[in-house]
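Shared between the two complexes below is chain A, which has chain B as its partner in the first and chain C in the second.
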Partner chain A sequence: MANIAVPQTEYAQPRERGWYKRNEIAVTPWLFLIPGILFFMVYVIIPIFQSFYYSTLSWDGLGEAEFIGLSNYSELWDDSAFYTSLRNNIIWLFLYLLAIPAGLGIALLLNQTVFGIRLYKSLFFFPFVISQVVVGLVFGWFYDPTFGLFNIALGWFGLGPINVLGDENYVTYGIIAAGLWPQTAYCMILYLTGLNAVDPEQIEAARLDGAKRLKMLWYVVIPQLKPATFIAFVVTIIGALRSFDLISIMTNGGPFGESRVLSFYMFEVALSEYGFRMGYGAAIAVVLFLIMLVFITYFLYSMYQEEKGR
Partner chain B sequence: MFPTPIEKSSPGAQIAYKTLLPISLLIWLAPLLAVALFSIKPDSDFTTGNYWGLPSSFEGFANYGLVFTSDMPRYMLNSILITVPTVIGCIVLSSMTGFALGIYKFKANIWVFFMFVAGNFVPFQILMVPVRDLTLDMGLYNTIPGLVLFHIAFQTGFCTLFMRNFIRALPYELVEAARVEGISEWRIFWYVVMPLMKPALAAMAVLIFTFIWNDYFWAVVLTQGVESQPVTAGITSFNAQFRAAYHLMSAGSIVAALPPVAMFFLMQKHFIAGLTLGAVK
Partner chain C sequence: MHKFLKASTAALAMAVAAGAANADGHALSGDLVIFSDMSNPAPRAVMEGMVERFGELHPDLNIELTVIDREAYKTQIRNFLTANTPDVANWYAANRMRPFVDAGLFEDISDVWADPQLDGLASTKGAMTLDGKQWGVPYTYYQWGVYYRKDIYEELGLKEPTSFEEEIANCQAILDSGRKCYTIGTKFLWTAGGWFDYINMRTNGYDFHSALLAGEKKWDSDEVRATFANWRTLIDMGAFVDNHTSYSWQESLPFIVSGEAAAILKGNFAVPPLREAGLDDSKLDFYQFPAITDGIALAEDAPTDTFHIPSGASNKEAAKEFLKFVVSAENQTLINAGDALGQLPVNANSSVDDDKFLKEGFAMLSSNSPGGVAQFFDRDAPAEMAKVGMEGLQEFMVRPDELDNILARLDKAAERIYK
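Our next item is the complex of A and B:
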């Protein structure tokens, strides 16, 4: 008997690959998404729907909740404080948008290459980094009728003194001005980045064609800044509708509730000395959410168009 | 470059520009400079009406010293204990969601992505009552973990948007090449994609740090005492304690604002890169 070395002709079958291995590319994204989606569902998505439900209840947050249908909404319909808040929200929305042209203006001013310009840019951006609580405090003193810089400056023109935060006609505008300070800084940094990427050849070509300053800005530069403008618009609208910190710090809604906005009024109704009316607060929040939803839909639609374009 | 470089304009315009620049900066930052001035003044200056003159004596050390012997250090510590875990949690969750949404093509991709984006835009008030309730039910009301969990969840929306767009911009061939080599998907995540994400993670970390440090609304909704409130909420109780003591309130505000400011100046490049992501095509 001879042991002849025969070349091996049979190989062990590769072991049956596991289910995971076979479906790896389809399954992996979901494994990676699960923790994030779970957190987001529990703390963000589900609470939105819960708020809709709460808005049909009469509930103090502790005791028995009573289903009252749309009564909270019909109460809102006749609530003058609600209309004041809604009016102020609209003022906020429009005036806050001034941050966009103001930011563009400062960005154009600073888009130079003189000595130390980088430091200037950071220092102009500075207000955005500070918390709104501190901004509110600082502006509260700025408007102070006895020693505030604002009234000192008015005095130079023979005007004032005006107690901005104590006057129901001025108070909302005064708070918005404080909010515009950091928001303008944010828009400025967006535009500075945008201006960096403006195509120099187009500028030169337009210059040869005789385009000057404003025409150049309007027809050549601003169209190229469109992505920056979109982001500035998104963050400014959201910022305007989220305004809460400044109002809470500067006036606490006063005088006579004249500086309330929906976000603040909602908080007041649900969690402060006006009593814990969770249902009524949720109804106000739903209204605010629906206003926001108009913008969210528009933002998502724009993003969707862009995604398709890729 | 637009506008025309100043070097190309007349000498008069150049001088005007260079003098107007510092003046406009001073006006822009006037409210802050005022606070800085207040914070080194003695108490007596305010009672004698010397608001804007030079301090009659330098009391910076005394004022800031008093801030540090109050509750402020505790509030600062709370802020750190809230902010740092939130940043870590957000990075972990969103690098995973960002990877999943940025690399894989599947039908629900865009809808999951839009869910995160849309959720990130909602007004806080629509979440307030249910989240407060949930936090109470979990026994986490007025605790640091209660606040941290919510912040992680909410910021995941923004961070997913951020990471997903960043990962989208990476060269996809890298992933394909790795797959051809037979490298498993989670290894691609860890060894191929993550190392390229370092700048994005840095940018995101500084942004989230600043957002969370400056949060006031949720601090008021979910916490209420010195044992768990962050410095933004703490500063209001500090101010109530020292009502009309402008020198102390100023010093307190500056201390409270300092960490994000320091973060900004140290990590400026990352900070701005993060904020302006998407501002340029």
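Our next item is the complex of A and C:
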């Protein structure tokens, strides 16, 4: 019995390992993340809370700041310019989404093998490559009431002239149309890559089952494009909320502030030539942040669900 | 001992040298950093010329000039005054410098103004004074007024108007000939401020106007309403070009060049581009904005551009010397000449260039502006009020029926801003 092997209960004491070695698996990812986290904290997270704080101040950015509680917000509540900006933001949010179906349409059109298709694709993608400032200038001239192409074209049908950028009723729509040009190109490229990933076997099977045209598109192709649609949705919503350059270039917020959106209004009151109200600007930024938060939460939630489902 | 003696004689020699040089006032050394907004071609050449000549006077001084785009400068100045401070910086007179003065970012240079050399600047001293002290020096100013197409006036047999009735009669004749009376581009708002300044100063006088912009009067008052009623007369006639909200002031110039509009209310800086576009002195002329209310002294807009010393400057001695150099009679004559800035010198001892518009402007400001000289809407009013106000003015030009709302909005803004 004595020679029955008993489980060895005593091992040679392992060589003492350092704390890092013992925790290597747990710690290493964090070490890699530290630079990113640090910069994210300094440039994104901390400024968010600073904005909350600044929005309670009356401060011109130069002299002494004075704590005024929620007065900035109560002023916003009665500020007609704020409501104009908010309304325009909502118009932007909805109309900008048109870029998604338009991008899909162009992507479907271009998703074929014809001679020179790469050239057509790059031409369609071109507006996204050029700067927003250039887009704004080009559309500014396009809309020009005296010599712009737009009004010349209207003239062929006996209409116009319409001063798109100088009329408070049309101005926001005019700028959104300009913004849709590059945004559609962006969505198109997302869908083109998405279409590459569509499973040809499923298409084949659907064709055997007699699916055609719209039915094929709706029930077979689009469901497979869901990831592309999601990304297109995210970038379009964010693009709509941060629309700034076009407004600044094309109308400078005018006429009489009718084309402002929240981000532009914030810039105007806090940082522009006549803007010296950091606190008020911060209050607008907070409101804009809260609106974005709705979408951010939704995006994060759906991404989380996606991850969980895998 | 020997060493000490040597050192002290050296020090003594240096002190004597410095003293001798100081007597000349030309012993500046070190660095002089200048930030300037004179970025348009002609002003830029003027600025560089001044630096060069000042550098020749002070060979030991190392001058660094940074020219920043004029529009971008307006927002950048806030950063560089607090962080990366130059020794000299451009800015504007009157209330426009108030935020920086209040924040202690501009140096009080009353001692420079005490120098008898600056006696010739009496006319602009008021515009440089806040809280009883002077915060900078002017380097140029220019008249505002109506620049009109002489050939069109002659064709229609019109004369320069001297009263508002004549102005309106002229305008009607111009409209009947298929033209617009005035071109204007209000995209950047401030051009509308010029019209308000003039109609209000002519309707209610300089004192009321400056009190209004200083927040001492209500916008919703009979006086201001009278101003807007006069303005509306012109608007209802269709005196202004259509679609002016789409144009900057530069983009509004082609209308007067092509003859679609007969005149423009503008500062003298509009003359060079108009001349360049082909309007020589036989086609372009100038008249003072006519009187509206009888018995009210004529007052003019004459915006002043300035140099300041930031309080964080490191070489204030050299900076003050540079400021004195800028306003000296000789330099003023040189930089404001027709082939340089083409504007009016601030020093009374300098001479005005032999240019039709400069001479007319100088004569107008020195002898026919008894009411006073205003800076401009957005320099006399605090920045925030200027912004809200000019937006209201632009809206009024498009939707004159909204006047009640606009006035109420301005009063509400004024209540907050001037408290």
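One rule holds for everything that comes next: the second predicted complex is superposed on the first by the 293 of 310 C-alpha atoms of A that agree within 3 Å, B and C clash if a C-alpha of one lies under 4 Å from a C-alpha of the other, contacts with A are read in each partner's own complex, and residues count from 1 in each chain.
As a convention for this text, a residue touches a chain if its C-beta (ideal position, glycine included) is under 8 Å from a C-beta of that chain, and two chains touch if they have at least 3 such contacts.
None of these values were measured; they are calculated from a predicted model.
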{"item": "Which superposed partner A:271 touches (first chain B, second chain C, both, neither)", "value": "both"}
{"item": "Touched partner set for A:61, first chain B, second chain C, both or neither", "value": "both"}
{"item": "Chain touching more of chain A, residue-wise (chain B, chain C)", "value": "B"}
{"item": "Chain B versus chain C as contact partner of A:145, first or second or both or neither", "value": "second"}
{"item": "Partner chain in contact with A:44 - chain B first, chain C second, else both or neither", "value": "first"}
{"item": "Which of chain B and chain C A:70 touches, first, second, both or neither", "value": "neither"}
{"item": "First (chain B), second (chain C), both or neither touched by A:165", "value": "second"}
{"item": "First (chain B), second (chain C), both or neither touched by A:294", "value": "neither"}
{"item": "Intersection of chain A interface sets (partners chain B, chain C)", "value": "61, 271"}
{"item": "Residues of chain A that touch chain C when the two form their complex", "value": "60-63, 75, 80, 143-146, 163, 165-168, 251-252, 254-257, 268, 271-277"}
{"item": "Residue ranges of chain C touching chain A (in the complex, touch as defined)", "value": "71, 74-75, 78, 81-82, 99-100, 102-105, 186-189, 242-246, 378, 383-384, 386-387, 391-392, 394-395, 398, 409, 416"}
{"item": "Touch list for chain A against partner chain B, complex", "value": "24-26, 28-30, 32-33, 35-37, 39-40, 42-48, 50-51, 54, 61, 108-109, 111-114, 120, 122-127, 129-134, 137-139, 141-142, 147, 149, 152, 181, 186, 189-191, 193-198, 200, 203, 213, 216-217, 220-221, 227-228, 231, 234, 238, 241-242, 244-245, 248-249, 262-263, 266-267, 270-271, 278, 281-282, 284-286, 288-289, 292, 295-296, 299-300, 303-304, 307"}
{"item": "Residues of chain B defined as touching chain A within the complex", "value": "1-3, 5-7, 17-18, 21, 24-25, 28-32, 34-35, 38, 49, 51-52, 93-94, 96-97, 99-101, 103-104, 106, 109-110, 112, 114-119, 121-134, 149-150, 152-154, 156-157, 160, 184-186, 189, 210, 213-214, 216-217, 220-221, 232, 235-236, 239, 246, 249, 253, 256-257, 260-261, 263-265, 268, 272, 275-276, 278-281"}
